[in-house]
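Shared between the two complexes below is chain A, which has chain B as its partner in the first and chain C in the second.
Presenting the complex of A and B:
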């Protein structure tokens, strides 16, 4: 079994994001491996630990600094990694085209992708990658088991959950509930320093994949979302405050 | 020509379908070219309903679409877009829409404007607003290509009114392939049977860890939601504790909602939770901690104990009519 886990480096959720002049300023923000991607790394490790001989390859596309997030995956236990070094901030469709080339070369049975990237707020990478590869996909996966040549997954849908069986190879997008990702131990952090982290320039990878080395869409501006809110605090005991709230929701905000 | 794909459940369009009609009308300038696609194993009733709103409705009726799968929808939508020469394909950004729309874009070689909150024409292309960085940043994104695929966040437009005259319904044959049904659907489980679907709810009552137990949550949060005809939402803490199903979780790893009214009860207001509800029109917070971050995004707040405030709210709501 060979598994590719795709990951992204994103600002820590608690990090302050700032924007000025229509561009985002991430300087000073702590950057980490996307929490959503850790579930895929963890799941791959657990598949191996259950006794299936498994090679696990981490794959990321991002600037030089993304290597730090890749090191986290290596320290968790991934065997080796490929880093497509890009200073262009690709969108999901463009990145899927580029990564599909690397996945094709690696020829794994299974690809894990984080369910929704915390920087893009996008869940498109997994399905777009699956389509580029001509493979099936399952998204928002909370349970995964193997049976000769197929996987069975439980995943969230709009009105509940669904259990699917997919032939391999397949793309699976991961989320909370699938497992509890481990923290790298100090010995494993040391060991990770000796693992192979192959850096390849975006232009080369894109050319080999026959994909454009640029976005499919144009990002014109990024601004901080600020909504003005009334911020009214209602005083009094519970009954007084509750009655006043319901009155205001009906008469003032007109939402009841 | 603009193609809108109608999301439907239980024989009726979802609320988002009527919002796509509004957007589609604005983009076509109401020139009669707006076309709706209704795909399913028995799309007839939904198609008739949507024909009251759009001049042209295409139905795709196939056993491959029961239940719908990402790959069968991709085939149907991509085929319709190609056959009709659609300039834009608009899909509701439900979980399902977000699952197949990237595949449609990839198959058509089209750019994807994902989960947009606004969409306009821009020369030969389109310009959209979308949220990023856990809904703290608003991006302006543009795309120009012969076909552009757009997934539209629920609430991005007002629901449309019916048109003056009914549209024409025609059937479209779609050449499904064996691979389209290679994913087997073993079972489906509805999580919110009998209750208004969270994404379609005008009012959402959400509870957090402060309720202390599943029983108290049921009594107070679900009780108030039922009194208001509202959807029930939860924080991750509640879901992790096993009090409520994952399908009710709101936030980064859960659902995104933008109802008219959102009540956050004993919810601290972590960024991951806010990213799923900060576009609600009016937000109410009840929390015993006056410094809880949820108050910063609230229109109305009550600093107090939910065990006292929520029963009082139930009473006040009961006295409304």
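Presenting the complex of A and C:
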């Protein structure tokens, strides 16, 4: 069994990021492995720990600094990693085409991708990768078992959950509920030093995959949405203020 | 020539220690403090991640971490709770004499078990009537055949009740000063060894502290580290190293104090806006930052000297003394920024101040650090 886990490096959800001039300023922000991708790493490790002989390869496409997120996966227990080094911010479809080239070379039975990417909240990378590979795909997975070259997954749909059986190889996107990712231990952090982290330039990987080394979409303009607060203070005694608060929550905010 | 960057592994260690500390230590620190509770289960969780007894050498099952690695962890854990970090720090203090002066056989016998299970070590030097004047210790060591018999009382022993390995400093002759001193490894549970928990501590209440009474405690003479006369030297060489983690813990507390002060000051309103508009507050924050940064780099430098095998007595004394003074001052100022709220336990700053007061006292009072520094200058 061979599993490829796709990683992205994103700003820590708990860290503050600054928006200025319509763009995000990531300098000084803490960058971490995407929490959604961590579920995939953890699931791969658990599959191996359940006794199935498994090679686990982490794969990421991003700038030099993304190597830090890859090292976290290596320290969690992944065997080796491939880093497609790219200074271009690829959109999900372009990134999927590039990654598909590496996945085809690695020829795994299973690919894990985070259910969505925390940086721009896109849920597109997993489906786009499956499309580029021509493989079946299950998204938002919370449970997963193997049987005779197939995989059975339970995943979220709009009105609940459904259970699917897919032939392998397949792409599975992961999310909260699948497992509780571990911390890398100190011994594993030290061991990770000796593991292979292969860096490949985007241009080479894209050329080999027959994919463009550029965005699939052209970005004309982007803006960070800024919401101003209403700064309303409710007057009157507690009873009046509470009544007014309930009215606003029900009629205006429509949360009650 | 000079590189201030942590290595990739050190960054990983830092982020793991930070995640662990913020999730498993920080949210519970106030309760441990209030209840004076030793959080055994969290010490076990730390051990599972490899954060306990990091000073054990590679040859006997440790990770072979350096002092810089250790202080990166120290700062993160102390940020969450200095008392919790003291449990781990005191264990490293307890095993350091064995690392520095133990034979390969002694290291295997005493240190290996510390890596396979969540076991603690302790360092027993101070006595009820004797602290800074370490060569004046009164605990008696008597050689009988191939055994050593220990009698006396040790005071302020962190992990004293829990430790499976305790290095006890004693003397074969109270009149002979440090020429009679000896370091002996005593295993927890040895008959004649009694641990009495010390109650009523001002701070660091997650860290258990005990008085150890030794009444005819017999151990094999193979448990003696080095030779008779080496005890004082071993204790001093140990403290020369372990003062650096105390400094790093202090830096962690100083960082926490600064973060808490900023967070409170930016939401507290007075005279029509947040109090961060006032220079009286800004200067406090700036001074905390100045102290914090200078203390951190002095601590890093002391650790760097240790990792390079260079003389570090002066640097570790400066780091310990300076960082703990800076941290106490930072905690005090953070409390003041909180005004009345700083004086009640609803906010964590009061605990920071109570906790870090001890950093100025243990592992050599800051007066002793100044003596060490001055002695070097007069040489």
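Everything below uses one rule, namely that the second predicted complex is superposed on the first by the 227 of 256 C-alpha atoms of A that agree within 3 Å, B and C clash if a C-alpha of one lies under 4 Å from a C-alpha of the other, contacts with A are read in each partner's own complex, and residues count from 1 in each chain.
Note that in this section a contact is a pair of C-beta atoms (placed from the backbone, for glycine too) under 8 Å apart; a residue touches a chain by one contact, two chains touch by 3 or more.
What you see is a predicted model; the values in this text were computed from it and never measured.
In the superposition on chain A, A:183 makes contact with chain C only, not with chain B. In the superposition on chain A, A:75 contacts chain C only, with no contact to chain B. Applying the stated contact rule after C-alpha superposition, one finds that A:231 touches chain B and leaves chain C untouched.
Once chain A of one complex is fitted onto chain A of the other, the partner contacts of A:17 are limited to chain B, with no touch recorded for chain C. With both structures placed on the common chain, the touch criterion links A:175 to chain B but leaves chain C unconnected. In the superposed model, A:242 lies in contact with chain B only, and not with chain C.
Once the two complexes are overlaid on the shared chain, A:61 sits clear of chain B and of chain C alike.
Of the two partner chains, chain B is the only one touched by A:142; chain C is not.
More chain A residues lie in contact with B than with the other chain of the pair chain B and chain C.
Interface residues of chain B, counted against chain A in their complex, comprise 9, 67, 70-71, 74, 94-96, 98-103, 105-107, 110-115, 127, 130-144, 179, 182-192, 197, 199, 203, 228, 236, 245-247, 252-253, 260-261, 271-272, 275, 278-279, 281-284, 290, 295-305, 308-309, 311-313, 315-317, 320.
For chain A in complex with chain B, the residues that touch the partner chain are 11, 13-14, 17, 19, 22, 24, 36, 91-93, 96-97, 115-116, 118-128, 130-132, 134, 136-140, 142, 152, 156-167, 175-177, 216-225, 227, 229-234, 238-239, 241-243, 245-246, 248-250, 253, 255-256.
Those residues of chain C lying in contact with chain A across their complex are 8-9, 11-13, 15-16, 19-20, 48-51, 54, 63-65. Residues of chain A that touch chain C in their complex: 32, 67-68, 71-72, 75, 183-187, 189-190, 192-193.
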